[in-house]
Structure formats: C-alpha cells, structure tokens
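The data blocks that follow each hold one structure.
Two complexes come next, and they have one chain in common, chain A, joined by chain B in the first and chain C in the second.
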Partner chain A sequence: MSVETKLPFNQEYIQAFSKDRNEPGWMAMLRSKALEMADSLDMPKPDKTKITNWNFTDFQHSNKEAVKITSIDELPEELRAYFDDDASMENLYIQRNQTAAYNSLSQELQDKGVIFTDIFTAMNEHSDLVEKYYMNDAVAVDQNRLTALHGALMNGGIFVYVPRNVQIKEPLQAVFWQEDTDSALLNHVLVVAEEGSSVTYVENYISHNDTEETVANLVTEVFAHDNAQVAYGAVDNFAAGTTTYVNRRGVAKHDARIDWALGQMNDGNTVSENITYLMGRNATSDAKAVSVGRGKQTQNFTSSIRQFGKATDGYILQRGVMKGSASTIFNAIGKIEHGATKANSEQESRVLMLSEKSRGDANPILLIDEDDVTAGHAASVGRVDPLQMYYLMSRGLEREEAERLVIHGFLAPVVAQLPIESVRKQLTQVIERKVY
Partner chain B sequence: MSSTVLEIKNLHVSIEDKEILKGVNLTVKSGEFHAIMGPNGTGKSTLASAIMGHPNYEVTEGTIKLDGEDVLEMEVDERARVGLFLAMQYPSEISGVTTSDFLRSAINAKREEGDEIPLMNFIKKLDWDLEYLDIDKNMATRYLNEGFSGGEKKRNEILQLLQLKPDIAILDEIDSGLDIDALKVVSKGINKMRSDNFGCLIITHYQRLLNYITPDFVHVMMQGRVVKSDGPELAKRLEAEGYEWIKEELGIEDEETAEQNA
Partner chain C sequence: MAKNMPEIEEYKYGFHDKDVSIFRTEKGLTPNIVKEISKMKEEPQWMLDYRLKALEHFYKRPMPQWGGDLSGLDFDEIVYYVKPTEKQGRSWEEVPAEIKQTFDKLGIPEAEQKYLAGVSAQYESEVVYHSLKEDLQELGIVFKDTDTALKENEELFKEYFGTIVPYSDNKFAALNSAVWSGGSFIYVPKGVKATTPLQAYFRINSENMGQFERTLIVVDEEASVHYVEGCTAPVYTTNSLHSAVVEIIVKKDGYCRYTTIQNWANNVYNLVTKRAVCDANATMEWIDGNIGSKLTMKYPSILLKGEGARGNTLSIALAGKGQLQDAGAKMHHLAPNTSSTIVSKSISKQGGKVSYRGLVHFGRKAEGARSNIECDTLIMDNESTSDTIPYNEILNDNISLEHEAKVSKVSEEQLFYLMSRGLTEVEATEMIVMGFIEPFTKELPMEYAVEMNRLISFEMEGSIG
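On to the complex of A and B.
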C-alpha cells in the first residue's frame, strides 16, 4: 500500500504564495506547472531502499515569520558552535525557518559584483540571471514527484553568484535553521560560478523536531563555467522527525572543478542524491561524503559522477558508520559517456558496522560507454577490526576510546575536506554525539 | 620506585583448539633483561600474545600474575595500565589517526583525568625521542603505521616504549627484518630503558640482537615449554652450535608436525 497520493495544495494557494513574495512571472508559471506535474509523476526510486511508506508529501507549508538576528549571541548554544569564536559575521547568511534572518557580504565582494542573498530577493533583483539556471539544466522539475513538489512549493534558499574571474578566498557560509518544528522546508540553493572564478560555499541544516514529523525537500544546483572552481561543503543535521529528500547537482564546463564534502548527519529517514555532470574537457569532480546512521533510521545515499567531456576526472569517496538498527545503502555510480575519451572514474565506498542489528550496503557501479578510459572501484562493509582494537588497547586505551579513534580515523578522509575549521569541528562533534 | 614481578606459572595456551604452550614457567623482575630463544614454531610469540591478551589466544591452564595480581582477569587495556607493554611483531595500521595523536591519548590513558600531559611537554619529549631513534619527524604526523616500512614500524614500537615507560616490556621479534643500522638504533632505544625499575622479555630468533643488548638470562623454548635457562653465554653457544645439542641433552624428539609461526 502506498500513502495517499493526493497533494494537499492547490493552484490558488501556490499563486497566492508566489504573489506574496512578489515573484516574477516565470517563477509563478514554473510553480504552477510543477504542481500540475506533481500529481502524475512517480516518486524517486532509490536503489534497494523502499520508500513507499515514507511521508514526503503531507506537510504544513505555513510560513512563520521569524525574528531577525543581529549577533551570534542571539542564537541558541547549539548553533553558536557552528561559528568560530572570533567569527566576523561577514559573508554569512542565516535563515530562520523560511525567513532571511541575517545576511552579510563584505563590501569588497559586493563591489566585485558577487551576489549572496536569499532566493526571493535574488528572483526580484536578478530575475533573468536566476531564471537562466533555476531548475533547468541541473535539477529538472519533472525529474520525479519530489522535484516537482519542490518546484511548486519552494519556500527558502539562497543564490550565490560569482562574476567572471572573481576569486573569493574566504568561504561563504549559510546556516538554514529550522526553528519551527512543524513546517516543512523546501530549500533551494543555487550557485553560479562564471568563467575563471572560484568560490567556497559551506552550508548547515539544523532542526530540533525529535518527535514532531515534518519534511525537508532540498535542491542544490551548482554551475561551474569554464575554468571555474567550486568547493561545496555541507553538514546536514535534521532531527529524527524530519524525512529528508536532498538532491544536489553540479554541472562543470571546460577545465572546471566542483568538489563536494558532505556530512550527512540527519537523524531521520533520508534519501540523498549527489550527481555531478562533467560536461567540458578536463572537468573534475571530487565527491566526498560521510554518514553516521543510528536508531531506527533508514537512509539511501547515491553519489554519481557522469562524464561527458574528454579527459574528465571523477572521484567518489563515501564512508559510513552504522549503529543501532540503522540501515543505509551507499550507491556510487561512475558513468563515462560515449566520446569521453581519456576520462578517469574512481570510486571508493566503505561502511563500518558497530552493532549486530545495523545494516549497511555499498554498491559500486561503473557504467562505461567508451573504450579509451581508466576506471577503478573499491567497496567494503565490515566491522571494527579486532586486531586494531587489540593494538590500541595494548597501549592502555579503553575500549570505547580505541573505538572512537578507529571511527574518527575511518571518517577522517572526508571530514578533513570540509573547508571551514569551525564547521569541521562541528561535524566532528556531531559524529561524536551520534556514535556515543 | 617499587620493584615489579611478572610471574608466569604452568601456562597452557591454545589457538583454535590447538595447544601451543604446554606449561610455561617464567619470572621476570624489574632490573632484569630476559631473552627467549628457540626454533620457529615453538610458541615464543604465543607467549608474548597471551601475556598481553591477544583475542585469538585462549589460556586453558596456569596463571600470569603481576605483583600478585591476576593478569588473566584483566582486559587488554588494564594490562597496559598496570605496567605491561608488548612491542608487536606485526603492529596494526590505523588509518586516519596520527602517530602523535595516538601517543598522546595513550600517555593520557595512564594518567588521571585533569592530569593530562601538557601539550608542550609532550611535543618536547616526542621530538627528543624521535631524534634519539633517528626517526624522521614527519612520522609523528603520519597515520599510525599506515604505509610504514617494516623498519619504521619497529622503530615506532620502540618509540612507544620510550614514551609510555612501562614497568615490564615484552619485545616480540623486534629485530626481524631490520638492517644492521636499524638494529643498532632499536637496541639503543631498548638499552636506554635499562634501570632498576624496568624489566624486559626479549623474544628473538637470532642471537645477533643480543650482541647489542646483553641479557641477564637466556631461556630456550621448545615444543611449548621453556626447556633450558642460563646466563648470556647460552645465547652464544646457540649461535655457534644451533639447537640440536639441547635436544640431545634433554632427549627431546621432533614432533611429527612442527607448527610454524605459532
């Protein structure tokens, strides 16, 4: 039995919502079409995970206005840990529920034409620019029912635009804080790096609804034009009550690079797709992700790099730790299209099981339609090596401490990639909390 | 400092239901260096592993006591904290954990909470020991034993010995696979530990290590037992004449299936 498929939102509601935000006509149209499609499209079908009984469609879409924030001190303790002590609050966006509560971009970057603003303001002030990228070439509205639903009901997000040849050294940080425990978050992150530019962007999702049930439906689209470089870091930390669908996609042109470092630390059921299209010659992507599963949560992670351009390089690295009766599937898909000569596709997925009842699976998939390429894969699912434990304990470390070291060591190749020190620390703390 | 006594009595040890040790008796006290020699497969490494509590070895009979306390009742980490140390023949590789982070955790594991070693003291001592053992400083920031050469792993074991300062150390074939320069450095490290407060059990296949470390006692193990004990001159005779004369003297006959690498 599947859940009731009738959607609880109609065209009038959506048009009013759009009008409230003063959205351009194309966006109102996109929402309307998306809603039409949503009813007839299929749900996504993550490999080896049954999601027919998960609730992705029945939620509150109310928009609670949240109070603005003027300093870090106004944030709860839990959130403050995301910032360095001497954080300047510059180049920072904080979204409280669906409202832009804080937004700052240095004068220098503003002068260079960098845009770093909430998605609604962006649609008003840079309508043509947003329209060009929004749900076109990366994530399509009609990909599945959830992307259509996202298109229809998007209620938050950010737009990052880096003009030609602008190199941003300091990272841009976004914090999406879902303070309200009831309403759903349909967040859209759009990052555009023009030719020869570079940017590091790091985001955090946080919620507190351990028991109240709600939905997160997230879409990220990243565009790296010729010679551009985008480093994208994330720590997803939705509470147990949130069922999450997160779809992060990147498109890299000639000599462009998109690197991902994703800390997938949700406590609720999660389906995550991270797909990068290497369209131009010499484009590169390094997609790294870690996850810790606990309790009864079920998760499905797909990390995929599709290589169309010649001499492209794709690297996928996934690491997962499972405890309790958590169940997680890791799919790594390297795809080399016909014509992508001299392409290289590498992947490694490893899962560490800490309990008898947890379940983990790593599926290495290579799909190659070209002869002149190189590719490699490695996958393993196993328990903590008793000989490693013996070695560490023989130096006086207690069992728990020895296990902690082994786990941190196991996740280190991904954690170390997160570009902001405070976020890296935060991820380490979240890992610690989830593991013990 | 008080003197420490490790006392092994009638120790029987099996691996996968196969008895390797068949009644070992041995006592090691602070201030003493003991060498255990013997042909391959006579149970030397099994003895070392059983003392430390290797998960694959089962003690079926006998006792191991440290200052009267039952070592066999202790978890592996407790054995370390009461003063035992085993330099392993095949140390594990721990990815993602740097040698220096690990060492600091291990040092602090022996100290009370709130009395952790100050970072600067730790770094100073570590630098000093690295230099003493002629180890590249980079090793401290490399992942523990990961990608280390055989020689580097052995030096790392001795580095840990110097850093952790146990009361009784067991060195399991610390000389295997070392060239002569590395052997000298490793011996230098072990000799540095020599004091009235430190006892050592050196397991070796070859006499050559004992050219650099002079033991007070030499024991010969055969077929799962200590069959002969004497002073350092015994090692020299073994080097010159091999083990046959002991077999003849004691009337030991070769077992039909010699167990290799036990």
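On to the complex of A and C.
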C-alpha cells in the first residue's frame, strides 16, 4: 500500500469510536471492513473535474460533545432564520457538530410508528431495521475510497422511517449545524418509506469555516417501497473552507416516487452525485438541482436516473448561475436499461453565465439500451436573456433589479419545490448573497 | 409491434479480386518498414525523420480506453504498405484490368459525370487513377494524391503538413504519420472558387491491410472548394484497419465542404482524425456519413480561430449487427462572433450500437459566439442501443448555446398513417427512415444522394418483419 493513500485513522481508533457510541456488532464490523478497503479503492472520478489535489482524507474526525438546545432562542441569529417565526419546534432535528442537540417528533407521528431520530440512537433501538438498509443497496461501501471512508468514519446523521400506509403531511426538518470550524462531518441520512406511505424531508447543512479547511463526506440513502412517495429537499450551505463530497441516492420500487429538490449553495469545492434507481414499474423521479458558483470554487454536479422498471419516468433539471472565476460542471445522465419498455427520460440543464472568468459546462447524456422508449434532453448556456431584461426594464425596473428578478426566476424550480416557508426564504437569501 | 430480425444481406461490395500487388511490406510495424516505405516513395529526409518520430510516439502512446473495444486490433497482424502497380495510371485505359473490374463494380466510371470535376481513385495505398478537369487546372487548383504533392509541391506541402493534426495528437494520428500513404492534396489559390466537387474513391482490397491515407486541403483567402470522399471495402474474415488523418486549412473568407460517405465492410476498424482550422469569416462544413465498419471512432473537429468563422457538421450514422458507430463532432470557438451548428442523425438496428460523442468548447475569447446542436436517434428494434454524450464547455459569459436531443423508435402513429394510405409496413418504415436522414441526403451531390438512398434502403431491407 502506498504512502499517499495512508489514512490518519487506524482500526483501534475506529473500534473505540464505535464502542463509545454503543454501536451494534454489525456496524463495528462494517466500519472495520470499510477502513480496510479504503486504502485500496480509487477516488471517485467525476466527469471533467480533476479532484486529485483536493483534500478529502486529512481532517479532524471527532470533537467533544456539544451543548444541547432546549429552545430556538439559544441558537445564533443566523441559524434562527432557518425556522418559521411561529415554529413549534416539532418534527425537527438539530445536529450541533456531531451531537444530536435537539430532536422532536409529534406524539401523533410517534403513535403511528414513525421514527425520526439520530443515526446512533436508531442503530441502538432499531438495529435490524437500520442494518437492512445501511450502505447495502443504494450507496455501497466499496463504491469508491470516499464511500469506504464514510463507512469507516460516519460521525453523524439521521434515520427516518415511515411505516406502511402512514402519510405524513407536515415536513420533517433536519438542520446539520457545523458550529466548530475545524471538525469534519461524515453525515449519514437514511430515509425508508414503507409501502403506501409518504413523507417530505428537508435538510440544511450550515458551516462557518471561511478559512479553516475541513471535509464533508455525506451519504444519503432513500428507499421508497411500492406506492410510497418521498419528497427530499436540501439546502447545502457549507462555507468556503469545506471540501464536500455528497452522494445522495434513491431506490424506488413499483409505483413509487422520489423527488429531489437540491439547493447546492456551498462556497467550497464540491463533488455531488445524485443517483436514483427506478427499479419498479411505473416508478418516477423528478430530480431538480440548482447551484450558484462564485469566487474560485470548483464544483461538479452529476444527476443521474437509472431506469430498470417498465413505464418509469425520470426527469432531471439542473440550473446553475456562474460568477467570479468559479467553475462548475453539470452532468445530467438518463440511463434506460434493456427491458424498461415504455420508459421516459428527460433532462434539462441550463447555465447562466454572469462572469467572463467563470466556467459552466452542461453535459446532458442519454444512455439508451431499449427501443420502446422516449428520451430527450436539452441544454443551454448563455447570458441573462436580453429580451427578458428589456421587458422588465421597460416596466420601470432598474437593470440590477431586473437582473435579480431574472436570476430568481431562473432558480425558482427548486426554490418553489421546498415545502417549508422558512427554508425557501433562507435559500432565497443564500442565492441573493451569492449572486450579489 | 413484433419485429423479426432477418440476417443482413451479404455486403454489397464484398467481392474481392486476386491480389495483383507488386510490393507489400511484411506484417507488423518496425522502423525498418517505415524506412522502406519512405525509400520506395523516394521521399525527402525530413519526411522520413517525421515518420520515425511519429512511430516512436505511436509505440509510447497507450491505447484509448474509451469509445469502442479495440482489443481485437493486433498491430502485428497488419500489413502497412502495399503498392498495387508500379506506375500511376494516367488514363482509364492504362489501369490494369483486374483493378478496373473492381472499380467497374463500384461504378466509378459512371460517377465521373458532369457533376464531378476530378477523380482520384485510391486502390489500396497508391493512387492508380487520377484526373482533373482542365478548367480546374487552369484556375491553378492543385488536386493530387498526397505522395505526388510531396514530390511536386514540396514547399507548400511542408508549410502545412502536420500543423493541424500533429503526430502527437493521438495514437492513431501517430500511426498514420508514421506509415501514411496516398490520400488527396488540394490547394485552392486565393479568390478561386471550384464550382464542381472534387472527388476521390478509396478502397481496401487486401486482407489484413491497413489503409493510412493522409489528406491535406488548403483553401486560400476567399477561395472555395467542395471535396467528396467515398469509401467501400470488401468483406474479409480478419480485421482490417483504416486510420486516416485529414487536415484542412480555410483561410480568411474561404469556404470548404468535405463530404464523406464511409461504407467500409463490417470487419474494418475505422479510426480517423479529421480536423479543420478556420480563419476570420471562413466557413468549414463536414458532411459525414457512417454506414459501414465494425467500429468507427471519428469526431470531425473544427477550430474556429478567426473572428466570425463558421463551422457546420452534419452527420448520420447507421449501426447494424455487430457494429459500433462512435461518432460525433467537435467545435472549438476560439474567437469572437464565431458560430457553429451540429446536426447528428443516428440509427441503430439489429443489435447495433450508435453513439454520438461531441464537444462544443467556448474559449475565453469567444465573445458573442453561438452554437446550436441537435442530436436525434432512431432505435429500430429491441436489441439495439444508443448513447448520446455531448460535452459543452463554456468559459465565456457572452455566448449562447442550445442543445437538444431526442431518442425514439419509429413512431406507431406515423406508421399507422402511412399504412392507412396504402403503404406496406416495410415501405412505410423505409419512408420514415429516409425522412429522418433527409437533412443529410439533401446536402449530398446528386449522385451520392442516389447512392446513399440506395444504401439505406438496402440496409433497411428486412429490418421490419
């Protein structure tokens, strides 16, 4: 094994970490095996972005337990913006660094058997259930060095479980707050929706390390069983010092639906993979993602829907606004497997260029192994549409105001999709801050 | 809709004649073979040096790991140079009977009609027949096989050769640079417009023979030319390699159109590097048809480096049983107000795979540049597949790019409509396919359009049960 791949963590460390958290045997084993694999696996290879010089492996892994929160008033001003004014603090999870600082679930949902708890508690209390889904069918430990590293060093996250036929109307919200600037986050979000159930989950990632360098290595696994519906919203907002690898995957069975609305607003270098497997017939996924690139950051976003089931529908929408000397690659991949007759695959990637020094690539890719399908993609890259500008300015708006409106309109497909008013507002603010 | 997949008919041009070659190199590739080729051709020292440098690069360069499967390609099993006759035929009568017969079957004499200015027919590696209408000659247009041009127009040749596609470009450009033979050399002087297309036919006859033609076209300022190249090759059981390099320079306000219909037999690896450079307000057009071969990897490319330069690529690809057409286009917008369009039409059938692989690049200086890309694919049956992989690299904010692609099968509504008008399913399907590729065929010189339609109809026969 070569020196450059050597990790700063060994088996003893990992086992001690696992024991501290009273993890079940299978988890301790998974960590140990993952660490063994990490050295020999390759790094992920995002198409068209070189990440060989990015730091993903050198970081501060654990820190001391953070203080719990009892009321929203204990949060700093900046964070309070993430909650509605009249927030009941119900159906909410706040993770402060790696500590579950606040967790509530309404009595009604508890009675129905819904689980909404931090991943360590879940492993203790629902070991079999978590084991069944954790890094098996969606994100595999041996996918690449970073997923292996995640498997070995996972240090936070949440488990969402919705029993059969339970429909949750109000959204569940999770806030992952990196209060300390130096610690890395290897967060795992596991969402399981049993047959006929439905859930809306929204998450926020926040950090403040503009200069201190650290790593976020995030994995999300979503399972929608027959007839289940999962709407997954996210606003990622890591500060410039964080190098992020985020791997969000979904598996949809018969007649199931997984929708993604991802506001990818990190200020640091980011590799994001969002892959949905439509395994069952009539399964649907609508994967939307928006991003604003600014400063010197480099980002790579891959959205992919792989369709195995008959009559499945996959839609991908990607929109990006490019500023400064930021560089972003958008890859939208629709794959229809042999046998997935009557499937439909559509992708749309649009990039708005606001700076002559930036780079914005839009690569819509179709891989079709079946004839009885419909598939199409469209991509466009350009400036703010002068016609729209002309129209708005002819109505009396200043240039800057008109441009702002056009940009917000451009990013609206994801903003509008987020079910929580405060999160929508908050994303709008982030966009505002990043664009101006 | 039930579709039977009858076997494809025997390859139309799959006859092959008795070997009449007077010289051929041993199989495999060594510096000695390169030296021998150069010596046979009585080349200047600089060309031999260039070949040897290229060969060294070829040895060093790894095989490409993307696109098609190249594992069946054995460089040691290929004959790199065959000289069919000692002398180049000056008139049709002088061409040896057996070779002539081959051409007769391909219909070359008929092809030399009023639409065609000149015929430079390549039989194996040497141009055996070559004529150029007198009026073109009077205009000062040079249209020769590349070997002759090196002898007779060495200065012009040396000025441009290898400047657009250096041997270090890729492994197969290196191979071509080491062992190239034949191809066309065209020079169109300033302000001269060739009103009729120039044409060359290429053909591989010997088993296990690589064909490495090298084409160099220079269109001077305000000049214009249309060059047509068609390929046919006989069927053999072991694999042949065709690895050409085409370099084109279009100077200020010049125009060049390069039309190819590639119909190699389906045991041929067709690995071609084609690239053009456009100066200010110049136009380059690739009209590229890929019907044959076992594997084609070809991405005609245009560097738009002068302000206002235009590039168009219009291509079709048809992949049948056992075939992979990995084709596409590349446009590099390197100057302000450059524009490009790419239209790609792909068809896969009987288990074939067709891939569009493209790149449109907007550089920092491409202020006001624009590009439109359209890729359509028709998948004829349940065994066939298609990939569409377009890369769009944008490093400038003042550009506009629009890309669209569609993948579909022959629409049942269209079929139903046509059949309700009395057409059989076969006729209806053929009509839909013809309509699908019509943007391409209508850009071909008439004779080629006819041949193209014949080929497509022939390829489609029995595709529908």
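Here are a few things to note about the model shown:
In this text, the second predicted complex is superposed on the first by the 431 of 436 C-alpha atoms of A that agree within 3 Å, B and C clash if a C-alpha of one lies under 4 Å from a C-alpha of the other, contacts with A are read in each partner's own complex, and residues count from 1 in each chain.
Throughout what follows, a residue touches a chain if its C-beta (ideal position, glycine included) is under 8 Å from a C-beta of that chain, and two chains touch if they have at least 3 such contacts.
Only a predicted model underlies this, so the values are computations on that prediction, with no experimental measurement involved.
Upon superposition of the two complexes on chain A, no clash is found between chain B and chain C, which fit side by side. Judged by the touch definition given at the top, the superposed model places A:L405 against chain B, while chain C stays out of reach.
Put simply, the three-chain overlay gives an angle of 70° at chain A, taking C-alpha centres for chain B and chain C and rounding to the nearest 10.
Using the contact criterion defined above for the overlaid structures, shared-chain residue A:S104 touches neither chain B nor chain C, since it reaches no partner.
Legend: residue contacts after superposition of the two complexes on their common chain; A:A362 is shown touching chain C, with no touch to chain B.
Of the two partner chains, chain B is the only one touched by A:G396; chain C is not.
Once chain A of one complex is fitted onto chain A of the other, the partner contacts of A:M353 are limited to chain C, with no touch recorded for chain B. Contact with neither chain B nor chain C is seen for A:T70 once the two complexes are overlaid on the shared chain. In the superposition on chain A, no contact is made by A:N22 with either chain B or chain C. When the two complexes are overlaid on their common chain A, residue A:P413 makes contact with chain B while staying clear of chain C. When the two complexes are overlaid on their common chain A, residue A:L387 makes contact with chain B while staying clear of chain C. When chain A is checked against chain B and against chain C, the one touching more of its residues turns out to be C. Think of it this way: put the two complexes on top of each other by chain A, and the tightest Cα contact between chain B and chain C is 13 Å. Across the two superposed structures, the residue set of chain A contacted by chain B and also by chain C is empty.
Chain B meets chain A in the complex at residues 52-55, 75-77, 79-81, 85-86, 88, 91-92, 94-97, 101-102, 105-106, 109-110, 143, 160, 164. The touching residues of chain A, counted against chain C in their complex, run 48, 322, 338, 351, 353-383.
Looking at the complex, you find that chain A touches chain B at residues 385-399, 401-402, 405-406, 408-413. Within the complex formed with chain A, the chain C residues making contact are 362, 364, 377, 379-382, 384-409.
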